[in-house]
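Per-chain numbering from 1; labels A, B, C and D assigned in written order.
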Amino acid sequence: MRRYFGRKLLTYLMTFFVAATIDWLIPRFMPGDPVAQLVSRSNGISPEQAKALVDYYTRLFGLDKPLPVQYLNFWNSLIHGDLGLSVYGHGTPVTDMIMAAVPYTLALLIPAILLSWWAGNTFGAMAARRKWLDNTALPVGYVLTATPYMWLALVLSFVLAFSFRLFPLSGGYGFNLEPTFTWLFFTDLVAHWVLPFLSLFLVQFGGWAIGMRNMIIYELESDYSRYLEALGAPQGLIRKYAFRNAMLPQITGLALQLGVVVSGSLVTEIVFSYPGVGHLVFAAIQSNDYFLLQGIFMFIIIGVLLANFIVDIVYVVVDPRTRVAMRGGTA
Amino acid sequence: MHLGRYRVLALLAAASIVASACGSSSATSTVAPSTGTTTATATPAAAASATGLPATDTTVYPRAETLYTSGKQWGAPSTWNPFDGNSAMGVVGLQYETLFLYDPIKDAYTPWLASGGSWDSGKTTYTINVRQGVTWSDGSAMTAADVAFSINIYQNAALGSTLFTFVDKVVANGNDVVVTFKGTPAYQEWMQALYNMPIVPAAVWTPLNTADILKSLNMKGIGTGPYTYKTAAQDRMVWVKNPTWWATKALGLTVAPTYIVDIVNSSNNVALGQLLAGGLDLDNNYLPGIAQIVNGGYGVTTYFAAAPYMLGGNTAWLIPNTQKKPLDDAAFRRALAEAIDPNNVVVKDYGNIVAVADPTGLLPVWTKYIDAAQVKSLGATFNTAKAKADLAAAGYKLGSDGFVTNKDGSAIKLNLEVPDGWSDWMAAETLIATDAKAAGININPTHPDYGTVVNDRNGTSTAAPIFDLVINNDVQIGNTPWVYYDYIFRQPQIAAGAARNRNYEQYDNKDAWALVQKLDQTPVDDLATMKSICSQLQKIQLTNEPVIPLWYNGEWSQVNNSVWTNWPSDKGAQVQPATWNGYWQMGAIYMLTNIKPVKAS
Amino acid sequence: MTAEFDPTMSPAAGDAEKAPTPKAKRARGEFLFFALRSKKFVVSVSILLFLILLAIFGPMIDTNDPLALGDLPMRQPTLDPGNWFGTTYFGEDVFAQFVNGLRASFFVGLLGGGLGALIGMMVGFVAGYRGGWIDEVLNMVTNVFLVIPTLAVLLVITSYLQARGVMFEAIFIGATSWPWAARAIRAQTFSLRSRDFIDLAKLSGRSGPKVIVFEIAPNMSSYLFLTYILLFGGAILIAASLDFIGLGPTGGMSLGLMMYNAVTWAALQLGVWWWFIPPGIGIIAAVGSLYVMNVGLDEIFNPKLRDI
Amino acid sequence: MSLQVTDLMVYYRTLAGDVKALDGATFSIADKEIMGLAGESGCGKSTLGNSLIRLDGRMKYIGGKVNLDGAELPIWDNAGMNEFRFREVSVIPQYAMSAMNPTRKIGKMIAELVESRGTQFSEIKDELEKRIDHVGLTQDVVNRYPIELSGGMKQRMVMVISTLFDPSLLIADEITSALDVSTQRAVAETLVSFRDHGYVKSMMVITHDVSILYQIADSILIMYAGKLAEKASTKTIIDQPRHPYTQMLVSSLPEVGVRYADKKLTGIPGSPPSLLVPPTGCRFRARCPLAFAKCVEEPPFVEIEKDHSVACWKVTGPNA
């Protein structure tokens, strides 16, 4: 057991190291000096003012140091949870900006991932071997999972928000509100949350439903199912087993999907200008704020790694075979 | 069961959002030299109501009293420092004010925080009469000392201002501030400064006036303006009316909206959606298809009811790299100017919401400085045939590929760069390239990443500018055409690098620069001299085409009349309709005093 | 971003025993028989064929340059040649854009998916067949590719390219979308490794690569094919996302770019739906039918899944 | 009479058409009888075995009757069969190695299984423990997962499970083929002991490996090409088989106990006919050395002496 997790942990650490280094390279390897871009955006100012600004920002971002030093500083400050300053935010700490955005993204991602996984699998299991469902409902699943996130998002926002005014068009909460602990704010928050959530949920849902449907059909054909049938066990029991066993690959799938969902949330947040991390990424790309990008990606890397690790643990818990294998020492 | 889970999650999310909203703002306010108010109070409220959710003091801005704007803010509001070019929307104009307003349409200076200002007979000393009865938002009175301090602050090297290269001394004298100059005053620049310098309370800013003056975010600062800081978030900046605004008593002016919510720019379709849905009253972004929308009965209007719909805000120039062959040849640039049909861009790209630029490139508000006769005789106009002829005459022969070649026979392929993602300009460059190709000039439209464009255009500490052609519109409308000529002819060349934001084309013309300086030192009321100098400069510009004017980028402004009406327009109140930096003091502030709520709340 | 697809849609992903093993030539006749009987297969393939034909011949029927600015902006779909799908905000021919975009999208899928499959197979086979530390290392590489936001890498690369083409996009997607495939194939190989016929091959002194190519690969050919199909569809979707955040090919045309332009120019709000709808439908139809075909084929390859 | 099968016909649906895998089988198994069912692969023996407990998707019931302890088995009715399965008819499948749910502890699985059949686990718990001992497993297997067991252990465990309800008929389908010789013998002996302890009333042991039957079977039923060829006591079948096919089959038997690969019997030239369009008359006649004119007619499966039935004109015919 310890050996297994020890190994995993090591892999994760090395992965993190490599990923983080790649991440650090981003702003350094970008052509064009970010300060120049920042200054060139505040137009109408005199060359002298520009000069002053350039000096100011260069010092601010610590770009005046040699690369190796910058690299060491990067790790050092990373350990202290400092991701540097944002160009797009004119020197606001990147961590602050991310932290302000994270709640939205998590509020979007966690329910979208878990619910779609749960609902999709349940539905897929139902559809499996029920011809009418299989032929009626599943096609919908295929369409959904083949739909680009942003396209669905745009259609939803146009129809439900723009045309029928059922939901707000954009933003994280009403522009007429301030964050307070009141039902008003809370409900408004949810209202703004629904559409982005839905566009993430639906696409995912389709994928899981189909995946589960296929998996469970395999399980229903497996030897243990046939044996149970031969012994007259009711369908209930057989399905229960099949579902349970089909679930396992779906859990692995969950880990593999994370990256996809993150990118999905990115485009979705853009469509609804939902003030989450994805939206921040877009803003950063648009304004060439590589420090911000670097910070966000660092954040995503950690997030995905963490999630993967959790999935690993969960898997061990739910799949006896891995447990047994580990007791045998061979993971 | 899963439903339960999702409620919990959403609740947690809500909690963390509230928390982070307070958290981040209080985090920044530690840097800010003022005491927290709104958002700070939210924290105890949150803490108190952590158990269950009783309706504690929620802040809801009534629709009828709130003005929703968008267009200035390209990112989350991050600094409220009036001396930082990137300060949040309205910091200068709504919160801090200037001594004068300048109205480009009427070309008139209106005393604002100054009750008046005048030159002495020799035009060597300028006296500012500081308006009495003006109070800071903390209640204390604004004094001549504050004004003197606010001007003197520009001696701070960190601000990199050129003001004190010609200003000598600024001293408070009773209720006046007396300004003396070094040699001939740069009248044009001084007048420009008068309506651009924010007046700040000396009490607050004296300690901040250090090398790190820009580091102070100055959230919830103290100004004289009609609005004060309410709150800010990643996607918005909110101002609340200052009940004790001096102008109400002094000038009988009141700003209509109690709240101004400025929404950080998002994608075109969101902005347009908000505008059409009435979620946005004033949008200062470039939006596609405005012509259709204005005529589409959505209740959306613009400054002009018909083309060009928008006031001209600045000129979009085609900037050639005059250090490179063949663009170093005036004849070639001239032919290029004739080869391009800006009208194509105006119609096909912008759908007539912009106007073709005058051959001089001067904005319509500067028409009186244009030597029409001279333009008629020298001005380059679109004419493919003529362009071809001129090229041939100048000795550029056609290559096998049908494009003109350098005189040494080498092929000519000019890269025209606009930043990737700048959709309207990307469309424009394609049209321009097509026109040029028709005249035998091989232009290759490219849209590299913004950083690359800036590098190629400005050069770096190590590399000279390597661009062939770029489109640029850096310099905005102002009180004097001098800003444009300074932009075109600036000498000496500024060292390559980030700070290089004048004379991108690297055009060397000492005589022109002498004229520009002469213009700068001409009093703003000496119209005759200004005209003659401008005419000479125009001659140089028209014959050498160091930069080629294309079209007048609009002062993008589209308004929804469902909640607020009586917006600026050529028929009604003729004031600037923009929330951008510098426009409030060019009269946009009157927009707020003019608009009327459709139905009183 | 990792591949846009659901790994669990691959036939029994992570569940080795079920790699369908083809049965010589008798299987071919059987394949056709079931193929024609599988509604999923027939429908999806005919949709796919239709789209492919459209992608191939469309640009020949409608020879308009998809980026040529016409004189009739925002024109409703008409019967006039060149305006079947109407025109864009700039009077560009939407149909021309659609067919050319379709072409690009299929190209990206074909190449990107192919490259992804290739890398995935190589990593998967070697890791699964060799095992040991090689497996460990390859696993880590796979993990790295799973977690690094490939978007970041893309940003760095693209900012160096004056212009990036569809080709580049395809290669990039291929080079980043393989990890899940590698994992699945590794699992499959792992299970096959211990089968007698592999041992026999080993005993007969065949080199590792030979065994992989001549023994293992053929035995999971159908599985590999299905994997490829999923990568194919995935690549198209990733490309769409990249295009949408403005990292798509500069110049040129693709369904994702159409969508991107339609949004930047607020096509829907301006009522130019015929600009926004086609690319979406195109992608859904292409990717959707690919996925359906995937399951259809699975049922055909794998007798267990048939009802007869 | 424990099991009484009359004229049972079960076909296989294939692309090419119906394969007449079981074309009219009539025989019976007495209480306490262990009947071996032998024949070349594809002769329909597995079809017969399966049809008695569960017709899988491709099998089609054509006709015939199956009586078990006087009650008729509704073998054509999957649902209807359920009440008989496990309690009356049970099976030890060919795939015993993988017959148990890999993600359930064996004990838990058994509990869920029996309870799903309306019996409290507690009721059979003691019996279960007894039988686990009986097959020589340790009690802790119930707390293990299948993959923790060796092939032989799994096999024995499945035998225990399948017979928990003391079915009156147990069908053992090729259970020995996957095992090595020693385990094979052990399994075979266990089967016998099950009968002796009354865990099962009667048994049908399907195999291609006659030598096993020689050890355990009371009687042997030889099938050829979807038809019954001969049924008699093991002794009779081995010592004086009457059907030419049986004779060749037995004569080609190496000395008892040594098994051989499942391939076309070397001793018999030619190969069995296609069951898609089986030849009229005796299906063996193409390969039969004794074939004569009469053989174009279908030979009946008749009892020529007590407990010995044969389908061959040479044996039953006029000029026998």
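Heads up, the rule we're going with is that a residue touches a chain if its C-beta (ideal position, glycine included) is under 8 Å from a C-beta of that chain, and two chains touch if they have at least 3 such contacts.
Here the structure is a predicted model, which is why all the values come from computation and not from measurement.
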Third chains touching both chain D and chain C: A
A-C or A-D, whichever has more C-beta pairs in contact: A-C
Most central chain, Cα average position: A
Chain B-chain D separation of Cα centroids, rounded to whole Å: 92
Distance between chain centroids, defined by C-alpha means - chain A, chain C (Å): 22
Separation of mean Cα positions, chain D and chain A [Å, integer]: 56
Distance between chain centroids, defined by C-alpha means - chain B, chain C (Å): 46
Junction residues of chain B, two or more chains touched: 267, 269, 273, 276, 421, 449, 451-452
Multi-partner residues of chain A (each touching 2 or more other chains): 30-32, 154, 162, 248, 270-271
Touching residues on chain C, where the partner in the complex is chain B: 67, 69, 73-74, 89-91, 158-159, 162-163, 246, 250, 261, 263-270
Touching residues (chain side chain B, partner chain A) in the complex: 2, 5-6, 9-24, 27-28, 38-39, 42, 45-46, 49-50, 53-63, 66, 68, 74-76, 78-79, 84-86, 157-162, 214-215, 231, 233-236, 238, 261, 263, 266-267, 269-270, 273-274, 276-277, 279, 421, 449-452, 454-455, 458, 460, 473-476, 490, 494, 497-502, 581-582
Touch list for chain A against partner chain C, complex: 11-12, 14-16, 18-19, 22-23, 25-26, 29-32, 135, 139, 142-143, 145-151, 154-155, 158, 162, 207-208, 210-212, 214-215, 217-218, 221, 248-250, 252-253, 256-257, 259-260, 262-264, 266-267, 270-271, 281-282, 285, 290, 293-294, 297, 300-301, 304-305, 308
Touching residues (chain side chain A, partner chain D) in the complex: 222-224, 226-234, 236-237, 241, 244-245, 248, 319-321, 324
Touch list for chain B against partner chain C, complex: 267-269, 272-273, 276, 287-289, 292-293, 348-349, 351, 420-421, 423, 427, 430-431, 446-449, 451-452
